[in-house]
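What follows is a group of structures, each given as structure tokens.
In the two complexes that follow, chain A is the common piece, with chain B as its partner first and chain C second.
And now, the complex of A and B:
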């Protein structure tokens, strides 16, 4: 395979501008740039680097260091090139005797207040101050020693200006003695991240960078995104890993394996040791930004808990036995075939992973459909976004979001429903906040007061704090307002949508029983507020809807998705930049795992198994018949297992025991099976019920692609060799071969070629294209060779957009005297999903345990104090955790996260699920909360079980 | 699967389409079951209907003529 050449990622000094072309002359060269560009950027683009310190192209110029001075013919003085825009015909000189002298003077001043310990500094060789001293030819510093910030003592006394190093953040340090007060960090925190955690306190010689109210970083509002670290030109803010290991000497562009934003990263290495992950500025999803997870939380890849050898055992109460790969494959293949011989072809199945690559997922479903010979394949998207697939397919004709992330830059009104982007999708949140600071309006629909409702320089115009479970009633009431107040974009609906379905829908929503006033009692959303929000969305310009699991994880999840689609169609907010319906996908490759045919009823590319033409494509290529009937979904597999008819399962990279609802039921299902095969990095919770463990590889150890929430196919590139010896796709291939499959893939690129050849929406995708373009959004085929940033532009994929009646059906899960509170669940920034990875990093500094949020009123009547251990019980089960008292949640509602296995919030969740997809109803459980002294029986029993079943009898070396 | 759970899932689907005219609703319920339920589950549902037990939404009954009969009783 051709080597991938890193595209140019030089710092061009100031951000790019859009505008008509302007031509000027710099040092005798003619340069043409868009109007509004700085002279500095124009010079860099012409290949003339102007010395600079306080400018960097991720933030707006500030003009404080005075190192970037230039001379312009016909203008007096020496303006700063970073803050001076270009003009037609301008003649600029960047290197004159006068400039040289001035710059040397500037540098001399800087260096006089900077320690001269370059040789032992972590940034040695990677420091812009050092570079600039060289560039301007600084050879001596003539100032006598005097007041400074870098010596801890002045003479006998302590130096009052000296501030000690702040090592409070686990990943980066702040060493004030090296700070040149260029404010790049402050601007990065404001403009790029949008957290406003940093300020420059004091003036002149006294000015210092100050996190929060002069607190240590860890105690400040800092969310550890790393934007300031990246912006800092000196060693002041720098990664601890660089201080420990040394500067990196090679890099590979790859994609974050955490959330559905799919940030591109430059993995920087020394040899095969990863030194740091730096967000890639040409990444089209993240545009050079990142969050604490992707940027810093990769230590799990080397964690000692990783299992590197295959293991087997006959019974789950036995210790594990390490075996060779060959033994493991032969053993598993034999067990699976025996089960099929005894219990039928359909007695085994498998689960694909939303964390593995598209290529790996494709192979797993291929093995199940082709080699197992049934359609019992499902994926964890079942428990998160399966309603998105169903709902958007019904209305628009395709199971994916409509926009790219860049689209938010053109949105005027943004609705965020059931999502908490600052925690769940932080880089998208930063981009959204940037747009909101420019004046776009925000509507939040969420039971909880998420951070976006009010944070520095961002405030929601409306927060509709609905009762959990009433999404459909609220959205239908918004539709009622839009229809009855004449706010429908009739031209759009007539041209683009099925008129008859619109009329039925309009009559349906206009019914007075669906008005905000009529449903207020149920939803607890004040009718006036809801009306105002609906008007704003319908009339405020480009309206974009972003939603998350708070929409899908309900018994009416699919209906809610369709209600959202209806709203967007009725207001004409589809088919151009700045609008659209955008699911915020939880895991890195949920979109991809759905695209790749992970659902029991769908072949890759969302073609139903009933579809004879689609089946024929694979039948002829694979040389095996494919079952024309849908297979079992995860919850059905577990039900069938309990009933004794489903006996074996291959689970790649998922932890269903922790992530799926009603833990006891999952445990019972797994315990009833004869051969549970788990492929993962760690002995996860599910593995405590497994008979075969196949070690997995991290995203750093394999090639492939992930597809993010905007349908963007990003390359994952192998950074180091797989620690267990095989990448995950090789493991699946070897297992399939052991079961008789004739597969001979040598590289994931060949798997992608098969995907492209068989899936119309992927027809144009190849590794060559991805290397050339960086990434591409499907559909990518002859009609759209460069991919499709915005969908449904001239017509909906299904032709005419279809309105669907969305009747509100209350969930069966109701509160009552025994369980009077509603529990809803979510996630937080520093931890990821079941936490298997993030818990094995210093991210636990921020979130060491799951907490139960409870309103002060509910806490008081129960005698619950802050930090107290409480018992959380539902009709499914009970667990214990600590309470925290807050008015973020409304009275009657409690909230927790599910990142820690000790808590096992899913012991409490029920087996109720979405009517269409069986996506579990995580977001509504009736519970009771009471003070307690110790763990629940389940927690105690489970802890004992987990410990016993994780024993490994190491083979004698 | 427990008959209660099976009935609940079928009833949930019926409730969603209840706003449509009856015949259209019945067809939609049947199509949904044909498209998304494994044959084994449809067989169980048919058994449940045949046994007369289980409290099922009228639309589930109305959907029966449109249900695809599973080829093998237990896939």
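And now, the complex of A and C:
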């Protein structure tokens, strides 16, 4: 770990241990550490740094560099302090004449095979080898020049041991001539990331770090998580940005703005230039790990496509006109008020963003409820995890996951359903894989053979490859097995759950029609396999369920969430570490945007707008009445727009045209509005239908908080000034002020103070607390001043856990002769959501276009070859993309991602949605696939429209 | 790495070998030995097949294979002569044997004669220190070697 910025970021050499206290003496100082701790770590904790090269506290000790030798009284020799555990009463000396001589000799050998180009080296000033040479007092290297790995020539001939620098990865380089073969990269890849892409090839003097079979990094099994780069003590593996810019000299701790894991990062800068993002090892969600997105894909923040000036236009076929902020606010306020005057108060609304901070989201809903005077506020959670909110509220009483991510370290059986963590939530996946390598069992319920089903060192005990759309039938069949085979944890159910609802549920699931055998035809899951999986979950120890959008984005999404909750309650897997029901949230702040009252029927803290008490709190604080009736959801807004009754919308940081289902309908809705206001970093797809564009600020440019999938409120800290001049919360505030609002926040901390003062679950949250604790999981209030890592410990939030009947109702979206295949959609590691950010980074090296996965049988009968352009058609529309032939998908199922606007997979998806929450059924669409020669009409028309509507008439300066 | 032609049917044969040893604890080394026995070397194309079958990465299999000098990435000559280069054999005249053999074959260590007859390899201790210089010819141990004995051996082998 290259630690030169923050004092408490010291590398303690070896990982922490838990155990009874042991006291020893190091260089005359008494030190008390947990049993099992290494002498090295004990010494570091005592403030005595032992020289070291191969040890770093992110990986287990290895004992290869022989620099950390110590002497222990009463023991022979000079053992390595990294691999020697402490013992009671031990007396250790870290600096003796003998040790000094040995260390100097070791360093001399290292330096004899290392280039002495420190001044021009990218790691100059940030190199542990350089540091250690100084630490041991190396003053000369007595070895004569000879065989080495760092000179490209030996005499006249080429040096056969010299390997050229590997620049194949877009973000970091591998320079073998700087390598000291400490194995830290290999071990980080194995222990931290769990990919095992690196090895040491050869032995002795021939030892080399080898990606794959001595391949370039990009072609190896490497997933570019950056763990090896972080672990490297020299310039061997280093960020290209550091080589280009120089070493950073200040840093800010902040939170990643990609997925719902919410990793903490140290943004390292020179001046206001970001040099690199390094995972923060004290981050409680990621524990010092990262993925290719958060670690490297931040270049979009400086991308030339960023729009930095507000723009307006009267019609969407006109070019954009750049205006001042004041003009933009006055114009928008006037248009919105005109619309309301003509079409009624409810003719406008807004969408909050799951990408923006809690404070920004809170302000948007405040503006809509308080200033617009209606409840027409919704959020992109509508299209992802709204069923989670509904389902868990009904069963447990709270709309959130039950655990923290640390909990997975104590899980014995893990069910992953409708989620693909290695692509969608990579840092959580690494933590899960670590637990699986320790012996925990895995059950995967997914139509596709995702990487977790079988990838190096991980193999699912059971993969239930169900037909898309049959989640409820499968989970209910598992419940059937648990109930009929007597595997229910009756003591837990009697003590903690509503017994009557349990009995109803038990009778319901026990019905023979819900047995695995009865539903096998429908679900295509072999009954014996399903039974075995159910038994394993019920009896295998701590059972934890992690799920994603493959659960929620169905017509029965809410039912599936409740079925999951039922299983957890019936088996007693709730209320302690290692168990629980854990939604893997798609976006950085989906949890937060839901918490902040983004839904049309809920005020912050999930209090219904019917609730007079809750409404009164805000009415008195804001000095304005709040409509007691719920407002419009996103699909309703679009329907009303098409019907001519909804005319204006303020969309903060969401690209509904690309991300929402049935693109044509979204386009028609937007086209029917008179004033579409888009606030975003880029002219996104939705902005092609907008009349006002307000430039957004990236997460690097503002203060605030994000709430991740484990309810953890993490600070987002301003790293640099907002490029457009205003942070997003300021934009909302100025717009609201232009419409007459009387609020004047000077800093997001004041907004959080208002949230805390008005929302019981956030009562204890303040920026002071977050700065002190690093982060906190809500509920955080008088009853839990430090927050709540595990929920429902002694009682459910709603009192008794409630079992809900989960009747399987097949979706109306059926396959038939015209559309015989089922399409399901998902994500890939290197790209994120609609790709607005990741497509503007080198991450596109890994995934340049969306591909359609199709089974070899289905491809063959259609005459489809690998890489061929195919037409993907459904009842809603059609698009074209390239096919890739794979048996990861079952026959009858096809799969694609939705990262690229050229593909617009959502042209194909239908407007079917979850019965309770309208969450769209992205995961099931009946389609046909056939070879084609060119793009669909929609793609051609849309491309023309998008190009025309992005013209900007720059103001004459 | 070396871009060698993949022997036909390689993947199937490797999978058969893996299946034979898959039940062992730590089957990788026996599998690599068997692959080498089957093909005369461990073709690089075999490594991803082994990795896939054992649920390892190809990096790991490559790391193991390259760690052991006995696993060769290229086919050897028709015969393999190993000469012990460890201290005891050097002390008992091993250097002279080595020099004579290298001169006779016209190859250096790890080299194969141009006609493909013999591959010469160094080895570090065959456990015959009491009767060195020691060697091994196609798996058969040789003791008390001298230049003349080596010459006779190579002549018989047709080198």
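Please note the rule applied: the second predicted complex is superposed on the first by the 950 of 957 C-alpha atoms of A that agree within 3 Å, B and C clash if a C-alpha of one lies under 4 Å from a C-alpha of the other, contacts with A are read in each partner's own complex, and residues count from 1 in each chain.
Note that in this section a contact is a pair of C-beta atoms (placed from the backbone, for glycine too) under 8 Å apart; a residue touches a chain by one contact, two chains touch by 3 or more.
In this text the structure is predicted, and so the values were computed from the model without any measurement.
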Partner chain(s) touched by A:629 [first = chain B, second = chain C, both, neither]: first
Chain B versus chain C as contact partner of A:573, first or second or both or neither: neither
Contacts of A:608 with chain B and chain C, given as first, second, both or neither: first
First (chain B), second (chain C), both or neither touched by A:457: second
Touching partner for A:198 - first (chain B), second (chain C), both, neither: second
Touching partner for A:354 - first (chain B), second (chain C), both, neither: neither
Per-residue contact with chain A, leading partner among chain C and chain B: B
Residues of chain A that touch chain C when the two form their complex: 195-203, 210-214, 220-221, 454-459
Touching residues (chain side chain A, partner chain B) in the complex: 344-346, 374-376, 508, 555, 559, 600-601, 608, 610, 627, 629-633, 636, 639-640, 643, 645, 805, 807, 809, 812, 911, 913, 915-918
Of all residues in chain B, those that touch chain A in their complex: 1-2, 5, 8-9, 12-13, 15-16, 18-20, 32, 34-41, 70-71, 74-75
Complex contact set, residues of chain C against chain A: 1, 44, 47-48, 51, 55-60, 62-63, 66-67, 69
